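One structure, pasted below without further comment.
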Amino acid sequence: MNKKEADELARACAESIYARDIAAQSLGIRIHEVKSGYACLKMTVRAEMLNGHDICHGGFLFTLADTAFAYACNSYNKVSVAQNCEIDFIRTGAKDDEVTAVAEERRRGSKTGIYDVSLSRHDGELLALFRGRSYQIGGEVIQ
Amino acid sequence: MNKKEADELARACAESIYARDIAAQSLGIRIHEVKSGYACLKMTVRAEMLNGHDICHGGFLFTLADTAFAYACNSYNKVSVAQNCEIDFIRTGAKDDEVTAVAEERRRGSKTGIYDVSLSRHDGELLALFRGRSYQIGGEVIQ
Amino acid sequence: MNKKEADELARACAESIYARDIAAQSLGIRIHEVKSGYACLKMTVRAEMLNGHDICHGGFLFTLADTAFAYACNSYNKVSVAQNCEIDFIRTGAKDDEVTAVAEERRRGSKTGIYDVSLSRHDGELLALFRGRSYQIGGEVIQ
Amino acid sequence: MNKKEADELARACAESIYARDIAAQSLGIRIHEVKSGYACLKMTVRAEMLNGHDICHGGFLFTLADTAFAYACNSYNKVSVAQNCEIDFIRTGAKDDEVTAVAEERRRGSKTGIYDVSLSRHDGELLALFRGRSYQIGGEVIQ
């Protein structure tokens, strides 16, 4: 498979997952770009995502990053799940912020992978850094 | 302040945060018990929390754990935020699962703290382990 | 296998690993106690372990914790290796400090495990918290 | 300060730390290149670094990565210490392997920083990925 075909497969996998991904849809997460081992997603912070400090609950930033990670690590049409994820919160998000998650592959082995995701705001400020470790459980994303 | 007073302060802080915590409320997260450096919260997995693999999106498990962590580290009436969080996913959650998050303090310094959260299902099975690192930014939870 | 036999197997595994563990021996790491899923090791901070700030180089504290983790996760006579480890540095170590590492199992699955290690000084002060994730690669520690 | 001066300051800080860093010296760690927010160090795996599986003890790989991280985060002449470090072990190291650690800054705030370190073997194979979180404690590296 060449690079172009691999990227097309990645997009097809992402569309297949997204069609069933009620959580991502209900949070208003949009796919911006998916390539082999890469995903860029966007989400706008809504009123119901605010926490007791009146800032975006870290859980929603995590969810956006985790979703980008999932689309990147499932881009090879091999079903992969998250083993472990971590997030460093750098700046807080506010209502109506548009947040972009860019997931990039740091390392891919035969079963496991490491992906770094950066979350940034529409004005370019970095909100969080996320690292996810994936595990390939068998099965294909698209039959 | 004795132990009883400290626990009452912890509960008052949690109630104050919860009243403003639209995210926790909208996800149906309930406070079960809060003490000094400790919080036990519950959440039921809903249809809109499912992802493309038809299991609970890890982001919602994270959000529950992160919320328990927040209530535990803010229990001293000093406003504290998450610096860094991590989660190990052990078993998947399904629709209608009732998930309990128990946050316990591992270490508390003058500004920073480390809290461990376990997420378990109604039948006692462990779903995830979470560790959060907090930072006290100044200000009080309850004026 | 009952608890007593499991603990004896754990000790035998630790002794077998230690006999070949040149690194642990050359750092003066001593086995204090090993049980099934548990290890307690000790190390004294030497002059050659000090770094440019004249405190114990974090790498040696990590190495002690990592060794305790290894003895705990190999205690079932199934060869296990570290996938991922992390350490939070809380207090610094000084020359001649005797440091105790206690490794405890948080979770053990069919292949993977999570172990928490605390490092404390002879006066009981906590120096660091470590978490290790293990992976069972096949093969036995003792033939 | 321009880029050239900043890089010279970084090198001077590294040399000052290294001169007192008995641990790094005794392990045979060598400075290859230091710039502002960046450090490249090298270490050769010795017989006394081998563990019970006859591979390089993960603690020594950690120590090399942690040292590169320290030189990168102290390159601004502000004394910084490690708060938290983590390492993913990907391939094992063997006796006589020459290991290169490259530390790069991912994010630097007013007090805290995040640095990624990759460890690779002389043939280019990736051995480990490390992430360190630093905290600036006050004081200068070079008076």
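Think of it as A, B, C and D in the order they're written, each chain with its own count starting at 1.
Basically, contacts are C-beta pairs under 8 Å (C-beta built on N, C-alpha and C of every residue); 3 or more make two chains touch, one makes a residue touch a chain.
These figures come from a predicted structure and were not determined experimentally.
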item: For chain A and chain D, chains touching each; value: B, C
item: Most distant chain from chain A by Cα centroid; value: C
item: Numbering shared by both copies at the chain B-chain A contact, with half separating same from different; value: same
item: Pair joined by more contacting C-beta pairs (C-D or B-C); value: C-D
item: For chain A paired with chain C, centre-to-centre distance based on mean C-alpha positions, whole Å; value: 35
item: Centroid spacing, where centroids are CA-atom means, of chain C and chain D in whole angstrom; value: 23
item: Where chain B and chain C are represented by their mean Cα positions, the distance between them in whole Å; value: 30
item: Interface hub residues of chain B, defined as touching at least two other chains; value: 83-84, 86, 88, 133
item: Category of the chain touch graph - line, ring, star, complete, other; value: complete
item: Residues on chain C engaged by chain A in the complex (per definition of touch); value: 83-84, 112, 133
item: Residue numbers on chain B that touch chain C, as the complex places them; value: 86, 88, 90, 106-107, 109, 114, 126, 129, 131, 133
item: Residues of chain D defined as touching chain C within the complex; value: 16-24, 26, 47-54, 57-60, 62-64, 66-67, 70, 79, 81-89, 92
